[in-house]
Structure formats: C-alpha cells, structure tokens
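For reference, the structures are reproduced in the following blocks.
Paired with subunit B in one complex and with subunit C in the other, subunit A is shared by the two complexes that follow.
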Partner chain A sequence: MTAASLPRAAAPVRLMNLKRLLRTVLPALSLILILLAIAWLNPRAISYFGFNLMLNLAIPIALATLAQMFVITINELDLSIGTFVGFVGCVTATWLREEPLLGIAVLAGGIAVYAGLGALIHLRNLPSIVVTLGMSFVWQGLAILTLPKPGGKAPDWLLTMMGLKPPFVPFPIIAAVLIAVVVHFGLMRSSYGAVLRGAGGNGQAIGRAGWSLLKTKIIMFGLAGVFGVLSGMALIGITTSADANIGNGYTLLSIAGVILGGGEFVGGRVSPIGAVIGALTLALAASPLLTFMHIPPDWQVGANGIILIVVLAARALLGRRGA
Partner chain B sequence: MDRVKKLLATPWIWSFVGALLVWVAAIVFTRGYGAGGMLTAGLSLAVFMVIVGIGQMFVITLGPGNVDLSLPANIGLASAVAMKVMGGNDSMIAVGLVAALASGIAIGVANYGLIRLLRIPPIIATLSSSFIILSIDISYGRGLQIKPPPGFASFTNIQIFGLPILAILGVIFALICGIVLQRMIYGRSVLAIGQNMRAARLAGIPVERVRLITYALSGALGGVDGALLAGYFRGASVDIGNEYLLSSIAVVVIGGTSVAGGKANVPGIWGASLFLVLLLTMLNTFGVSAGVRLLLTGLIIVGVITAAGGQQVTR
Partner chain C sequence: MPAADTIIELQDVAKHYGAVRALDGVTFTVSAGECIGLVGHNGAGKSTLMHVLAGTGIPDQGSITINGTLQSGYSVQTAHRLGVRCVFQELSLCPNLTVAENTRISHAELKGWGWSRRAAALIMGKLDEIFPGHGIDANDVVGDLAIGKRQMVEVARAFTLTDAPLQLVILDEPTSSLDAHTAAQLLAYVRRSVAGGLSCILISHLLGEILETANRIVVMRDGKVVASEAVSAFDRARLVATMGGAAARERAAPAALAGDQQSAPVMVSARAADGDGAAELVAHAGEIIGLAGLAGHGQTRLLLEIFETPPGRGGNLSVAAPVALVAGDRQTDGIFPLWSIADNIGIRSLARLRRGLLLSRELETGMAADWQKRIGIRTPDLDNNILSLSGGNQQKALFARALGSDAKIILMDDPMRGVDIGTKLEVYELIREEARRGRTFLWYTTETEELGNCDRAYVFRNGRIVAALDRSELTEEKIIQSSFAEAAS
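Up next is the complex of A and B:
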C-alpha cells in the first residue's frame, strides 16, 4: 500500500470503528432511551424511590441472565434456568428459613447437579437444549414437592439484605453494577476467563492447547447453577414468599437479556455488562414503562415483544458486515 | 436375523419401544382394565403433538439456531380465529379451518421476515413474535369461550374400530411428510441446508425460499393444530397451546432428529409423541402427585436422551 492511498482507506475504517462502537454501546443506549421515555412520561419516577420500585425485580432477572450467559458462552442453551430459579425460591422460603443447614445442603446439591449436567452433556455429546428441557420438568416437579401451595417465608437476613436502603444510590443499581463488574473481570479480564470463552469460540483449539474441555463445561454449568441460586434467593428476598411457578418466565427472559446485551448464541461472544444492561432494560420495559404509557393491559406483552424486535433490528442495521 | 438387527439400528424404533413399555406398565398396574381406552385417548392426544412436532422438525432440520418458539401462541390464536369464524355453525367449518391455516401461515411468514429482514436470531425472533401474537389473541379472543360447531366437535372425536379418525389422518399426514422430506426437492433442500447452508447455497438451492416455506409450513401446522384442538377440547382458549412449547421440541429430539440440523426423522415423531402421552397417562393411572409426575417425566426424558446418546461430531 502506498502512502498516497492511506488517507483514502482511513475513512471507511473510521466509519467501521464508529459502527462497532455504536454496536457496543447499543445495549446501554436502549436502556437510556427507555429511561428517557419514563422520565418524559412521568418525571417523578426518576427518583430514589422510583428507581427502587421500578428496578426491584431487576436483580433476580440480571442474575438469571448471567447464569444463562455462562451457558451460552460455551455454545449451549439452558431451558431449565427459570424452573431452577423457582425451585431455589421454594427451598429458600421453606428449608433455608426453618433448617438453614439442610437448606444450604439442598442448594449446594442443586449447583452440583448443574455442574454434573455440564459433564454429562460433554461426555455423552448430548444436545443441551433437550437435557435442560428435561431438567426443567425435574426442577418444576421438585419445586411443587417442596412447596405444594404458594407460601413460605424468606429468611429474615435475606429480607433485610434485599430491603437495604443505602444513601443516595438505590440498592438495585448498586447491586447491578457490582454484579456486572465482578463477572466482567472474572470472565473478560482473567486469563482463565479467556480460556472459558475460547471453549465457545473454538473448542478444538482450546482442547489442542491442552486445556480440559470437560472442565470448562463443568465450570460454566456450575457457575450457571451458582447464579441461578443467587437469582432465586434474591427473588424471594423481594417477594418474601414463594410459589412453584414463580421463576417460569425467567428462562425466556434470560435468553432475551443475553441477546439484548450484545451476546451471540455461538462463538463465545458474550458481554457480562451488556447482559446486566439487557436484563435491566427488560425489567424496565416489562411493566412500569408500559403502565406510564397507558398501553392497555392486553397489549403489554405485545409491547415487550415489539421493544425486543426494535432493539435487535437496530443492532442489525448497525451491521455485522463491519465487525 | 439381519432384518431384526437392521430394525434395531434404526433410531426411531426406540421411541416406539418406549411407548409400548410405558403402555404395558400402565396396563399391568390396572390389571388390563382400560387398556384399549388408554390407547385410543393416547392416540388422539398424540396427534396434536405429531402435527406441531413435524412443523418443528422441519424448522429444526434447517440447522443450528433454527427453532419456532411461537407455536404455542400461534395455536392459541388459531384456535380463537377458527372458532370465531365458524361461529358454532356447521356450514362454516371449512372456512374456519382455512382461516386458522391462513393465520398460521401469516405468523410463519412474519417470523421469517423478522429473521431475514431484521437479521434477528430465530429463537429471539419467534419468541418476540409470540409475545405479540399473545397480545393479539388476548384482545381478539377477549376471553370468550367460543364453542365449536357440533359437527366439527363430533368429527374430531369420531372413531373407526376404536381408532380415532384424527390418528388415522395423522398417520397419513406423517407418511406424506416422510415422502416430502426424503423424496421431494423441498425436503432434500431442507436437509441440505441443515447440513451446510453455504454448500447448499453454492449448489444452487434457493436457500432463502426454502427457509421461508419452512417457517410458513411450521406456522400453518400450528394453525391447523389450534383449530383441531379447539374442536377436540370443545372451545378455544389463549393457553390451549402452552404445553406444546416444550413438547414440540422434545418429540423432535427424542424421535431421533438431530438438533444440529440436517438429519430428520418423521416416524420418530409419532413414536416420541405416543411415548410422552402414554407416559403421562401411565403416571396418572399410578395416581402420583403433580410434582412426582413432572419429576419423573423430566428424569425419563434426560434418561432416554442419555441412553440414546448424542450424534458423533462430523465437523
């Protein structure tokens, strides 16, 4: 390439970088847009109390989304996270309160089952969609057996924790930032995190380089279990009592959150910060915004779908050709 | 002997064996009481799973990531459309069926539009569209329980020598789909795309047209299923299709179709549907609680898929 042709080539490169930048900040941009919409429709919502109210359920959704993200990182999909969150909720509202040791053991067992699933899927080369589909029935069954009727009560320490009112910044925002930063540094900035993501990007190469693929699957599914447990506990800390079906919607919400946050189904391309932002967007879009906009209840679910489509369409328009 | 060995090597035989075992277990428990009735009811209920299962199978065969999550909402809307158009009037049955079919095809085409034009991954595209369909259904159906015309309701319950007419039609339909899949250009194109989309495109297969047809077909089958379900259960409702989200995917995979795409199996869908339906029947006759029933269903699905093993990695 001659020196003369360089400036001419620079313009498309700059445009490409701009597009890439836009793509990266798109999740945050859509969150800001939704916040602006809320501020415009109801300025009083943008306050300490308003955020506390609107983002209350965002913590469990964000945790479930991260659980899903770990699984998506290694090119798998978890269709059981929602019922697992429900099961954890039922255990939290019953055993964890009455017999903490038994409760902790059961939850640890749940995480162990998750890690075991990772091993099973890898060793038998099974489609994760089906295995987790089957597991979704298992968790739901266990949840119903644990808590046949809605009820139970969250342990007091959990209620206190989820009800924290720190000065200036509402608790949900602090929690979301904290969770996002911790996972970001663990998965995106640590050297083993790169191996874990590499297992999704090119498993064969990671295997040839001497890393155990079995171990990466066990770790990622195990982490999904850990975050599923955290999500279920956070959920019960907010709702105070449980119901066997309480987490069912989380399966699809968590997948949508990961994709909204800029993650992709294959290739280990995920973004923890994006996933948390995606979950916040979904949590905000889920109800408060729609109530402020006076959308009839019939159309609230539909409006959710439209928001998803609009955000993803915007991402497609910014083009993957450049990246 | 060779023939037996060959039969045992076919991937779909195990789902039928499983269905048979479950049925025998149920009969042994009831000491033969209601064996025929169980089979008749099982066949009828399995048909609804087979119809959506075949639609889902074609979509999944297109390759990794392709799946239709809008089927439950589609079934719900189509059931309402069919019942409203029929309006309890026997002379409008055909029109109602066509309306349900049209509603399903429209949904399928819309799904493809989202996937192709907006480049949204199919899982999320069909998920978002299912939210919208659900809203349309809620505001269109307005919670009314519309009864099917008497002629349509009795048609869905006709039995010939103890065999439900829907099951007979379902077997014929599955046969046609098997021929379409293995012997016709469309079916072979779907398989080729699932094996390697790039190679299929380079080989001159109209990839995008085939994908459009496949999503429309899945939508159409969802629509027909909704109308039939409303006839069989005597009324449309928003959540009539809910259980088919998971079961449509489950029958495809248990039936021996590869989730990685490019390998499909129609007989297996029938086997897997019978297996799942009879499994639920068996657990019901055992009188177990809902929790245990779900737990065992899940464990059996995981057990079956583990025993059947995954496919070898080819790429």
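Up next is the complex of A and C:
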C-alpha cells in the first residue's frame, strides 16, 4: 500500500519546488533584463567605472527597501520611510558632523520612535498606513527645522567610506551583496527570524505558541528604523550635502522594490535578497537606462513610472504562470 | 474524585462571552494514560474548554490544578512548560513558513546553530511514525500543501518532543480534513501513545472515532458536562441521545428510491481529467451521486471542472442545467465574511431578486427568511453578520444559497467538515427531499457514512474514476478496496 502511494506523492512535491524556484529567480531575471538593455544601448557602461556611477544611489535605496521589507513582513506598511530618510540625511549633514554625540543621540531617538510606533500600532490596533502617513509629515517638519535650506556637509569618515574604491568589484555591488546576505541570514535562516516571519503569516498561531506579538512588532519596526538611519547616512555619504526633501521619493521606491523582489503585501512572504535585487533594478531603470535611451530629463520621471508598471506587471504575469 | 494518577483537574470553570455562557461551571479531570472522547453539539463549549486547558482562554472563574499544583496566572507558556499541547480546529500553522520552521515555532528550545536541521529531523521522524508514506518534505512551504497534509503536519507537530515534557495532547477535530486511511493511521497512533502513558483528549463529530478510540467519554451540552463515563457505557444511540441532538433517527434508511431514475434525463456526464480507460460518471435527474476515495484524488477538481463547464456543451464533460457549488472550505471559498446572512444567501440569485435595475430589499429578505425557516438557521436576525453564526449554521446558509438558486445540479465539496451531527441530519433530510423534487446532487465526502445517503458512488484514485458502486455495494470495505486496488493487483 505504502509503496504504491509513494510515487504519487512525490510528483506534486517536485512540481512545487520548481514553482518555488521560479518565484525565487524572477527578481534576478528582471535585473538581468535591465542590464542587457543597458549593455545593448551603451556597452561601455558595463565596466567598473560605469557600475560605480550607475549604482551609487542603489545602496541607500536598497537599505530603505529593506527597512520597508521588515514592516511588510508583519503585514504593515510604512509610508514615512522616505521622509524619515530625509530627516536622517539632514541630521547627518549637520549635527552628526558638528556635534557627533548629539547627532548619534538624535538618530538613536529616531529608531526608538520607530520601535514605539510598532508598539502603538499593535497595542491600539491602529492601521499602520494612517500612523505612518501622519509620521511622514512629522519627519518632514523635523527635517525642515534641522536644515531649513539645502546645504550641510557629510562627516568626513562617511565620505571616505562611501567613496571606497575596492579593486575589481565596484563598491556598490560589494555593499549590496553584503547587506543582502546579512539580512538573509538574520531573517530567513535564524531561528527567531522564523518567528518574526511567522507573525506575518499567522499571528494568532505565533501567539498561541507562546511568543509575544508585541515584541515582534517592536523588533520589526525598530529594524525598519535602523535601516532607515543607515539609508539616510549612505545617501548623504554619496551626495555630500543634504536637503529636507532628499528622501521623499524613497517611500514608493521602497515599496516597489519589496514587491519587485518577490515580496507580498500580506502573509509574511518576503525575500531580503529579492528586495536588494529589486532595489538595484529600480536604481538602474531610473536614470541610467533612460539617459541611454536619450529621454529628456523632463520626461524621465514619467518614463520611470511606466517602467515600474511594466516590470511589476511582468512579474505578476510570470508569477501567475509559475503558480 | 482526584485519583492518584490525576494529572489535570478543572474545578467549576466558567467563561462568558457577553451574555453567552460558553462554560457554565465545568468540573473535569484527566488521568495519566487516558484517552477522553469529548463530544457535544457545536456551541456546547468544547472548544472553549480546550482553550482554557491550552492557556489561550482565561476562565472567568474556577481553578486549574496540574500535577497536584494549583495554577495561578495560567498561560500558554505554563501550558507548554507542563506539557499540555493543543491542535486547534482552525489550522494554526504559518502558511508562509516551511514544515521545519513551523515546528520551530512551537519549540522555543529549537534554536542556535543547526536548529533547522534538528527541527526537520524532529518533525519528519514524527510524521513517519504517525503517517507512514505521507509524502511531505520538511522544506515544503506549508501554504503549498493540500489541506489534509497541513493537518497531518499540525497533528504530528503536537506530538514532537524536545526539552519540555509531554503529558496531554488535545486534538480538536483532528480528522476533519483527513481521508479515511490517514485518519485511521492517526487514531491507531493515538491508541499506541495512550497505551504508552500519554493522555489525550479527542474531540470529534465522528462518533465512530470516539467510540473506537476513547477510554472514557465526556458529553457536554450548553456549557456543562452532562455525562462522563467509561466508553463501554455508551453506544451510538445513547451518545446521540445524551448530546441532546436531533432524535436518534441517524442514518434514517433512505426510502428505497423508485427505479425510474435511470430513465430520467442525464444531467451530468463526465470523465475525470486523465481519463484513459476510466469509468464515466453519469448523473440522472433526481439522483444523489457520491464521489468517494482518498482525499485529494481528483474529486474536488472534477467538481470544479463541472462547475466551470457552460451548460449544454458536449465533449468529455457535459452539463445539462445550471449548477451551484457548496464549498467545503467555507472560510476561504464559501462565505463573504463582511456581509450579512441574508446577503450571503441571496448572492447566487441576484438576477431573480431584482426589481427594475436595482436589487429589491424585500425580495432578498423574503428569500432569506423563507430559507431560514426551511433549513433552520439559528439567528435572531438575518441582517446580522454571517460570522455571528456558528460553523454549522454558516454551512446551512451556504446550502440555502445553493438550494435557493435556480440551479438544477448541486455540487458539494465535502461540505459537512466539522459540522455537528444534528445539523448534518437536518441537511441530509433536506438533500433527499430536494432530490425527490428532481434536483441532482454530486457529493464529494471524506466520511464514508455519508455515502449511505447516495444512490451511487464513484471511487476516485489518482484523478481517475476506478469504480462505480451501487447503493447495495456501498460499504467501507468495498470503497477502501477500490481506493487501493492498485496495491492489491
């Protein structure tokens, strides 16, 4: 009896693994597609110097995308990450350079506020979209108070770090791989990472197994704060000076990056490696590809949006075929 | 009452939800090496009692004593530390995690280097022990597994052992999504572990399972324990009578149906998907056709194919009249959770409920009220949210949706999962009545007993129909024999 039932059971499992494999490699495929398009339009861009130039803004985007991913893991959404990155940028370009201790304290305070938002959202059962939308105006206001007009200067150590020129492989690529691997092991492979993701998949089950859901929310929002701070600092390390509106586009970019990377809005299905790849894809699809296509700057923002829709639609289409 | 080997004792436990007395002073003991069968209608308080034992529900009054120690501030963590585990009726696995990761969720001890390997070994060992030949891999994502396999994982997980001891496993409807074969494997394992000194509480609406497996039976009604005796004191009839359910007319022998059905028009004819040499399914008007076999062998798929086939088309599959489907997984496929009961009933018949361009409120409530009367949906107000109904009554609303429509063919995808026996008997009666009026029913069920209501049953294996059994041949042995014919030859 058992012998007869075995082959039957094995077939669907193999099919399922294939399905999952396809789901996992989809983000990488879209990145490769964009790279091929760039290589075709401008072969010289595919070089050490070219990648350094094209990807230098990818690191802050990748960090912001991961911040967003932590929040999406537990079925919430963070609409304030963009202005938070902008606020961090303003603090980095002013206090962190002039009075490092005050700067560090303010940034740590920002992270604490994020963790507190997680607790508030859980305890009062508030919709995170509303809370973070409100917070986005708070961060924006604080950023303007900190730096009323564009300016400031990044601390020298940060400039040195972001300006690293390692041999052979461009710095943004090394940084992206490093960030993706660290978060992958923390969230996808560690034993507590399973609990954190489980909180998004079936929070009730996690609660019944004796874990604190409040703790998972605080940790995930806290991590979002940490990665938001890292993103803001990386951004200022590249641009060297700040502006209160510098991070505003990051909110939507980060959400798009998570989804592009194979994540889903609900259910705790996320992928850190996918999210980083998604962020790289977005960074490349933004200005480099469009410039090479000779699209005038006036039209680039609109074209950017269209590329985003096309890529996400392709993902949905492929994802459904794979499913 | 507390004997030397009593491990858990509940004294006068009560819990209220608003005006509803879910538990009304329950005193209950569990001894070591005992399997208690807990039965009662939906809403009798069984699940609430189990939540109290598992630490997920805090009683309003009463005391819990475990291993002779009075527990204060009893919680999920205490329950886990003292070795009380519960498999809840609603699946409590995380669908986005793998089987191994889900095992880790219930074991705080599984951490540090190599935890995932240890978790995988733990769960696979237990799955192999309980369900040999289960076909589940530790790296499978739970959401990708069929519902039966998910239930297997969940049950096996409750029996896994790490640092914390294991004294009592509570199984709330553990076989509701399992087919007869795996259910038998599970019950055999329960008997083996109980013989080995473990205690078990088995909640099931399948009285046969309870009578076969339990040592002692506790019957609950309206939040109280009304009987607690050794299993030998009960038989089916007495159990049903004690539960206070519908009078013991269970398995009312369906009236011998007139033999003119074969000459009635053919409503559905179908070959199952991979139909090489498979038998053909034929359903005439007024027939109740059973789809049997192990769970997940193509029965649901065939029902969905029939559902999607436009009426009047020929080919492999032909359907002669409008079709309605009663879903089995009512939470995901059946109810609209934000809508009222009346809206949920009327959705299949909107075309008829129209006056001019707009929906008519009166017609809608009229139809709902009519069906409330006919099918006995227990609610003070049909405008209440559908979720205010108990599971069995939600299912009745789904039946009302299908039967109240213009459909001549009703497809049923194991709709009685986790429904109490009183409701079942009422619905069986209704189905027979509707069949007499000329409706055709295609009924997939995992409970062999239910096939007794059918005129004919088709046994499925690997997506094919392997046997057609007439009413006279419809026995458990015969069905199991056909389900496994391949192994026999």
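By our rule, the second predicted complex is superposed on the first by the 294 of 323 C-alpha atoms of A that agree within 3 Å, B and C clash if a C-alpha of one lies under 4 Å from a C-alpha of the other, contacts with A are read in each partner's own complex, and residues count from 1 in each chain.
Convention: a residue touches a chain if its C-beta (ideal position, glycine included) is under 8 Å from a C-beta of that chain, and two chains touch if they have at least 3 such contacts.
This one's a predicted model, so the numbers in the text were calculated from it and none came from an experiment.
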Partner touching more residues of subunit A, whether subunit B or subunit C: B
Subunit B versus subunit C as contact partner of A:Asn42, first or second or both or neither: neither
Contacts of A:Asn52 with subunit B and subunit C, given as first, second, both or neither: neither
Touched partner set for A:Asn202, first subunit B, second subunit C, both or neither: second
Subunit B versus subunit C as contact partner of A:Leu252, first or second or both or neither: first
Which superposed partner A:Ser212 touches (first subunit B, second subunit C, both, neither): neither
Intersection of the subunit A residues that touch subunit B with those that touch subunit C: none
Complex interface listing, subunit C residues touching subunit A: 54, 56, 75-77, 80, 86, 88, 92-97, 101-102, 104-106, 108, 110-112, 115-116, 132-137, 140-141, 143-144, 462, 484, 486-487
Residue ranges of subunit B in contact with subunit A within the complex: 64-65, 69, 114, 118-121, 123-125, 127-132, 134-136, 138-139, 246, 249-250, 253-254, 259-260, 289-302, 305-306, 309-313
Complex contacts: residues of subunit A adjacent to subunit B: 77, 79, 120, 124-127, 129-131, 133-145, 148, 252, 255-256, 259, 264-266, 296, 298-306, 308-309, 312-313, 316, 320
In the complex, subunit A residues that touch subunit C: 1-6, 8-10, 13, 16, 19-20, 189, 191-192, 194-195, 197-198, 200-202, 204-211, 267-269
